[in-house]
Amino acid sequence: MLEFILAKYNYWIYILIMMIGLYAMLAKNNLIKKIIGMGIFQTAIIIFYVSAGAKRGGTIPIIEHAHGAEGNAVDVLHYINPLPHVLMLTAIVVSVGTLGVALALALRIYGRYNSLEEDEILDRIDQDETATETTGALPTTMIQS
Amino acid sequence: MIWQIDLLILTLIVICGFCTIVVKDLLGAAVIFGAYSFLMCLLWTEMGAVDVAFTEASVGAGVSTVLFFAAVHRTTRHVKMKPSGRLMGKTIGLAAAGLMGCVLLYATTDFPSWADPNSPASTHVSPRYITGTIPDTSVPNMVTSVLADYRGFDTMFETAVILTAGLAVLIILGQTGNRSPLPISRLPQGPITQGYDDTIIRFITRIMTPFLQLFALYVIAHGHHSPGGGFQGGVILGATFILMSISYDLRMVTNRFNERTNLLLANTGLLIYSGIGALCLILGANFLDYSALAKILPGTTTITARSEAMLGVEIGVALAVMAIVILIYNNLVSNGTYENGL
Amino acid sequence: MLNSLTIVLTISGLFFFFATTMGILRFPDFYTRMHAAGKGDTLSSTLMLLGLAIYHLNHFSMGDFLASVKIMLILVFIFLASPTATHAIIDAGYESGVAPWTNDSSPEEQE
Amino acid sequence: MSDYFTWLGVVLCLLMLMALYRTVIGPTIIDRIMGANVIGTKTVVLLIIIGTIFGRVEMFVDIALAYAMLNFIVTIAASRYFTHHKNILQEGYGLRHRPGGPKD
Amino acid sequence: MINPEQYPILIVIVPFLSAFFLSITGCFKRSLCRPIALLALFGAAAAAVGSLHRVITTGIIHYRLGGWPPPFGIEYVIDHLNGLVLVVITLVALLAAIFSGKSVERELPGKEPLFYALFLLLVVGLLGMTITGDAFNLYVLLEISSLTAYALIAIGQDRAIHASFNYLIIGTIGASFYLLGVGHLYIMTGSLNMADLASILPQLYGSKAILTAFLLILIGVWTKMAFFPLHTWLPNSYTYAPTATSCLVAPLMTKVAVYIMIRMMFSVFTPAYVFHHLAMAPVVIWMAIAAIVGGSLLALSQRDFKKMLTYLIVAEVGYMVGGIWLANRLGITGAILHIVNDAFMTLCLFLAAGTIIHRTGGHHFDNLKGLFHQMPLTMTAFTIGALSMIGVPPTAGFFSKWYLILGSIQAGRYEFVAALLFSSLVNAVLFFRLLEISYFEKPPHQENTAHGPVSMVAEAPLTMLVPLLVSAITLIVLGIYSGELVTKIIQFAVPAGI
Amino acid sequence: MYFLATFLIMFGFWILLSGIFDFFHLSLGVLASLLVAGLSSEHLFRNRDHSTRLVEAWRFLLYIPWVIKEIILSTLHVAFLALHPDMMKKIAPRVVTFKTKLHGTAARVTLANSITLTPGTITIRITDDVYAVHALSDKVARALPGEMEDRIATIFGETRK
Amino acid sequence: MTDTVTSIIPLLAVLVSLAAVVPILLSRKRPNLREGWTFAAGLTKLGLVYAMVGPVLSGKVLTYRLVEVMPGISVAFRVDAMGLLFALVASILWLATTAYAIGYMRGLNEHSQTRFFSFFAVALSATIGVAFAANLFTLYLFYEMLSLATYPLVTHHQDQEARMSGRKYLTYILGTSIGLVLPAMIITYHLTGTLEFSPGGILAGHVSGPLLTMLILMFVLGFAKAAIMPMHGWLPAAMVAPTPVSALLHAVAVVKVGAFSIFRVMTGIFGTGFLLSQHQNQLIIILAAVTVITASLIALTQDGLKRRLAFSTIGQLSYIILGAALLSPKGMLGGLLHIAMHAFGKITLFFCAGAIFVATGKKNISEMAGIGRRMPITMIAFLIGAMSVIGLPPTGGFISKWYLVLGTLEADQPLMLAVLLGSSLLNAAYFMPVFYRAFFCPPEESGFADRFNEAPVWCVAPLVFSSLMSLGLFFYPQPFFNLARLAVQAFTG
């Protein structure tokens, strides 16, 4: 039983976290909450990858100076699979990049609509649009003079 | 692979994640999210992914959280209690999350068990990296060698992602209509004017900063031998400047790193990276095939040339990442005006 | 010998961690909780890190020695950072205008 | 000895769980920041412990150091928020639905 | 100095390096940015054409990055399919870049260096996604192109920021699904190289994890290509984006996503798995029908021509997805041909829309009034684009539709034929409504002078007009030479055994 | 001068951190130290009379054991309170303010952090020379600033004139 | 077998009017030069087409393959007798129409004349393209091109009415071509792998039963330009166009293209033998017959002269279809000849209607009392045209109708004979009131008929020319007759 739990526990948890993140991204009304959900969603994937790379009895993927340096054969079983780590470094960096852009967008949205709540923002957008429609004014900013 | 700790931390993470979503205060959510990321970092270390942990600690936990604070600082902490008309969204969210959960759960039945040394992931491609890192590149940290050499091309674009994010933030938050010869020179001049002066924090920061910076440089330089490297070092370096700007004033940093300097540094960083790659091209090898650099680097073999080129690459990465981290922070915290910060 | 020293140090560190955590949970407002958090954490991490640093001196080698030294560096850092952070947090609370809990008034009204 | 460290780590994790209570429940944002800070301190120690269990502690101290530093930065940043936004505790969750509201 | 062996990398590296160089130059002299961008794109286009030529003459090109052999390092593979797509991307980007000069000046003053840097990075992302032979590398480039697209869209007008935010959220979900799918592949096989994966996967066809991986990748890519129920982010993003952005993004993003789907289905999971092992083709085709019908109907309900075009993109995506899932040679040929055609069609229409917006200042139907008299060349190009969209020979759109219908008849999917014809008819209604307005209605922008009413709207500047006309002519040329295209290139791109 | 001092300190720190003593890494260390010295030397030392710097450092080292002792005591005290079942009765938190005699920033910060670390007191803020301190109980509140201030004054050569 | 000769002349014949668009556009500021270009193009085209008559009559087939757009499908031209017949009619009448258009447009001082002439030229190119198409794809290509090129002509006035009519026009034409012809074409390609017209048809042996019926219906109804009921609605609506356009639309280019296309498909795709063996022609015959009768009956009720002519056209077109559907040599011969004969007759009628409008501004028959005295030349030409359309000697219309009648007998369709004869009576019935009013009714306005007031000479000359042609073809039908006979020979082997 314990063995079964151990074998899959990481995967179950990553699914759980991912569900939390996905739910937040789709269902939350607040933009920052969505962004946080996005962060959670992405970390879930990282858990998945890193779990996939784990190796029982392996040590961290840095060759110990004791062997290897002198050209001895390196025991594959002794080291954890480094590839998922590399991939996840990329994923983390990507996620922080996305985060920065998302926050910048949230700031601009707040600056424009003075709210971070999706429903309020949509209301205001509707107001803006009906305002321009009723006055019948075309956006004149770009008309060549 | 310390399964006891693994189970506990994962549980903690789930609690944290759940609460982040539930908490009705954005600053609080950001704080919990910070704790969440710190726990993540712990999880990675526990699974032996030290480089990931390092990156998570610096990028995920450190910088992201600060960026959240900056954003909340510039917007509001308030979360509406009962938003209207979200039933649809909630249903979709629940349905999508539930469906995805089921599908993923279904997939797990076929997975090799956790940490199985005989899983395909551990036996197919990765052994080459483990056994090859020393003979191929003479770099003991195989994460670094995979990152900067075997899959160096990924990393180049990864750095480009960061730069892209920086440019994106700049173009999104930057003020339009500025007709000066630079998109940049909107740095407010004059003395530091921020009101509140916290002696303790300022003093401690002042003392610490040089050491932290040196530490960051150490991390960059020792990426071959221990966890760390360009990304982590770059972020920490950037974080020291963020620390300065938090404890003093935004201008403390912008005087040193104005937008233009940042852009120049970031782009130079990437040019270093891709330039090294292109140099290989010019020397007749494939792009990023560092072994070609042995021709021009004195005292190197094709193998050590790889190692040294990797260092060069890491420096480029660090430069770019540092500059962009500062850039993003500065823009977020001042809403693109550079007037005052957190 | 060194191992038992390690165990003593770490166990006592753990005790203080426990006490700290209890303090955090039990004290009435964040000013008082901060006392627990700020001091307890400093000391307990000091003890534990010290214990771990000592453990690494077991089989003395240059690398392990340097590792121990670096652990001590963390300690130094914590000594500098922890009170500062504590101060920062409590200052933030003070700044946001929350009055400290006192024995004189009824605890329900305060936070 | 490795087992000992493992259990040490487990106990630390449990203590973190308790600290997490503060972080999650609040009630004020300051409590959360404090809770996060406490978790951070424990994590530094835990990192070193994990390093010890792996037997490669020299690889972990750098992370721990970086971690401590970033934890510091995060805490400072969080608390600096209040130098700009005074008296906004009402916005927070914990105090919102309390009938009387806090006294200034 | 550089031998043809190195063309594959040049396609990506030239714009990549130029982006940074441009960004640095932009700090000192802003006016240099555009020439650099144009030069870079031209270089990339030349390299892409060179590569395609090499593929046609000597066969598939493999390029090892860093000199590492494939499953260990990253590999670039150019075959007939992506060689073609690369050429399309570079050419479209070049035209869009030439076009964008004036509108960037007007709409984004002071941000030119950033704009062009991001523009180039977006193109790099798209090119990289197309050219790479590594599943994870694709993810990174996907993110580059997405991030740049978010930014470039966000700087538009009105609700652009909000649209971009939505795009970001949904786009991130899509990309993450893709990444997760790749993760499932990785955990089951241990490899990331597409060719390597394809060689390992046959032993794992029965695996649930592989099925999940396929579904995840498919959903991820569908999100990116705005396949019908997942399209919600697209219309607003593309409508309110700045002209220069939408001219680049609208023709390329969805098409590259379709390409990725093809690549994943054929080069990683193999047709045998996708079509014979899974019985999901009917479902997908029905979804494609929903996309076509839904997109067309939603387009019909718009009063804003740019938004209308964006809904048409949704419908067109349905064409391509459906065509591929017809699982026969003709259908796939049609889908691939449609990638090329649709890229230029959309380019032509968006360039025309951009020109109109540039001159009249808006994208409501009312802005079109009387334009046939004021901007005859623009409207001619627009008409050609519209005809292509409707599927009138000899414009390009007819031919891909031809193959698609032929393919669906062969597959016995008459419902798909009906959807295609329905969409053509709706397109006809849509575009003739526009043309009618621009032909019949009196222009609103008139000023009465001594010499009678004088229109304020004139034909677009040359830098806008030339790319527009080139794209329109390309549509006809593509149509006429579609036979050549199919026999020389596309028929080799369809996997053998279909 | 400051530059050189910073450089030397930094290089020492590098050696502690690095643990690899081949020529390549040492030269990297030199470069890094130079860089940091260039970037931040003005942070580490700031316009103060530096003649007594070494002496101060030495006296500061001597001060540390005393502080640690205080910390242990204080932590025990807090732990006792935290675990005491009737804790609420035992504590009497309050904010006290006092004026310090110290002038230098370093001295003031040292005092503040020492206060924070020691029994039942946390420095809330320093405004000019007024310390606001939160104390857990009357006892510790009355003890302020007390012995500590004197000791710190000694360290930084600010003995009462 | 016939010799196949590769020749670029067909391509040139198609392109010449298309190429003329450029100089027309360039010389938009100088009307005389512009019209000069149009004439030059028209003459060149006629010359090119005429140059092919000789070789074709001698049994050659000229082909030109422009480009292969899809495997097995190319844009290709193939000049056989049937195509040449149509092309000859079209290019002769283009010249006439151009001349007429100059008079008409200038007479009414119309706007956007450059656009008018440009699209006119494009439409002619498309018509010739259809005539020379070597395969169904090329035919479709030019068919669509014609649809689009005539849209600006139909909606030339750019007012609300034009807009509605334009909409109707496109809905019918594009809707059917995309919705019916395109799938039918693709199904054909799917079944046979080719779209080349071949004398014996290509579908034989590939299809039967309901699918065949469906295909036939798709093609016949899909070529809505032939205006078989119920696809006729666009034609009366399109009457809002300026009269030269109506003339071109209703006599030559558009409607004939429809009928021609159906003819082509019946012979070149299905094959006469195959259709006969499958007994599938009855359906078309019935459709055509119903259209003939119904359209004539509706024409009786119309007051607008052009609308009456439009319904007349609908009926007459179905003669052609009927001829084709009879599948008997004489019937087909009659059908083909009717393409030419009706063209000359009907264009005369439209020219007259236009001339009346230019001269008097009247559009309705009820207003035309006494006009015969005011515009005798026009009205006499009208009489000749009407006779040709009714099928009375000594006009060309008689010949084609005669062969149609023979065809019904040959095909053993006595009912159709009745239809033809009945329809001729109806034709007479709706044309006669016009003369009666023109010549025998007193004018409503005093002094209306006193002046001799013909339309400008540019208007009158073409109508005189075309009416004379109608007459002349009765006496000298050889060029068309030979071509038609040759074509029928090709179909029937």
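First chain written, first letter: the chains are A, B, C, D, E, F and G, and each begins at residue 1.
Note that in this section contacts are C-beta pairs under 8 Å (C-beta built on N, C-alpha and C of every residue); 3 or more make two chains touch, one makes a residue touch a chain.
Since this is a predicted model, take the numbers as computed values, not measurements.
Asks: If each hop has to land on a touching chain, what is the smallest number of hops from subunit A to subunit D?
Replies: The least step count works out to 1.
Asks: Taking each chain's centre as the mean of its Cα atoms, which chain lies farthest from subunit F?
Replies: Relative to subunit F, the chain with the farthest C-alpha centre is G.
Asks: Could you say which chain's mean Cα position falls nearest to the mean Cα position of the entire protein shown?
Replies: E
Asks: Counting in whole Å, what is the centre-to-centre distance of subunit C and subunit D, each centre being its mean C-alpha position?
Replies: About 11 Å, centre to centre.
Asks: With chain centres taken as the means of their Cα atoms, state the distance from subunit E to subunit F in Å.
Replies: 61
Asks: Mind checking the centre-to-centre distance between subunit A and subunit C? Centres are C-alpha means, answer in whole Å.
Replies: 32
Asks: List the centre-to-centre spacing of subunit B and subunit C in whole Å, with centres computed as mean CA coordinates.
Replies: Centre separation, subunit B to subunit C: 28 Å.
Asks: Any chance you could list the residues of subunit G touching two or more other chains?
Replies: none
Asks: Indicate the residues of subunit B shared as contacts by at least two other chains.
Replies: Within subunit B, the residues that touch at least two other chains are 11, 30, 48, 50, 63, 70, 72, 76, 78-79, 104, 108, 111, 119, 121-122, 125-126, 129, 151, 154, 158, 161, 164-165, 168-169, 172, 198, 200-201, 204, 207-208, 215, 218, 222, 225-227.
Asks: Please set out, as single numbers or ranges, the residues of subunit F touching at least two other chains.
Replies: Residues 17, 19, 112-113, 123, 125.
Asks: Could you list each pair of chains that touch one another?
Replies: Contact pairs between chains: A-B, A-D, A-E, B-C, B-D, B-E, B-F, C-D, C-F, E-G.
Asks: Along subunit A, where are the residues that touch subunit B in the complex?
Replies: Against subunit B, the touching part of subunit A is residues 3, 6-13, 15-30, 32-33, 35-37, 39-40, 43, 46-47, 50-65, 68-69, 71, 73-74, 76-77, 79-90, 92-101, 103-108, 110-111, 116-120.
Asks: Considering only the defined contacts, which subunit F positions touch subunit C in the complex?
Replies: Against subunit C, subunit F makes touches at 16-17, 19, 68, 71-72, 74-75, 78-79, 81-83, 87-89, 91-95, 112-114, 116-118, 120, 122-125, 132, 134, 136.
Asks: What residues on subunit E touch subunit G, complex-wise?
Replies: 387, 390-394, 399, 402-403, 405-406, 409-410, 417, 421, 424-425, 428, 432, 436, 439-440, 479-484, 486-487
Asks: Taking the touch rule as given, give the residues of subunit A at its contact with subunit E in the complex, in rising order.
Replies: 18, 22, 25-26, 31, 34, 38, 41-42, 45, 48-49, 52, 83-84, 87, 90-91, 94, 97-98, 101-102, 104-106, 108-109, 112-113, 121-122, 125, 128, 138-144
Asks: Within the complex, which stretch of subunit G touches subunit E?
Replies: Touch list, subunit G to subunit E: 67-71, 73-75, 137, 140-141, 144, 148, 152, 155, 158-159, 162-163, 166-167, 170, 174-175, 178-179, 182-183, 186-187, 189-190.
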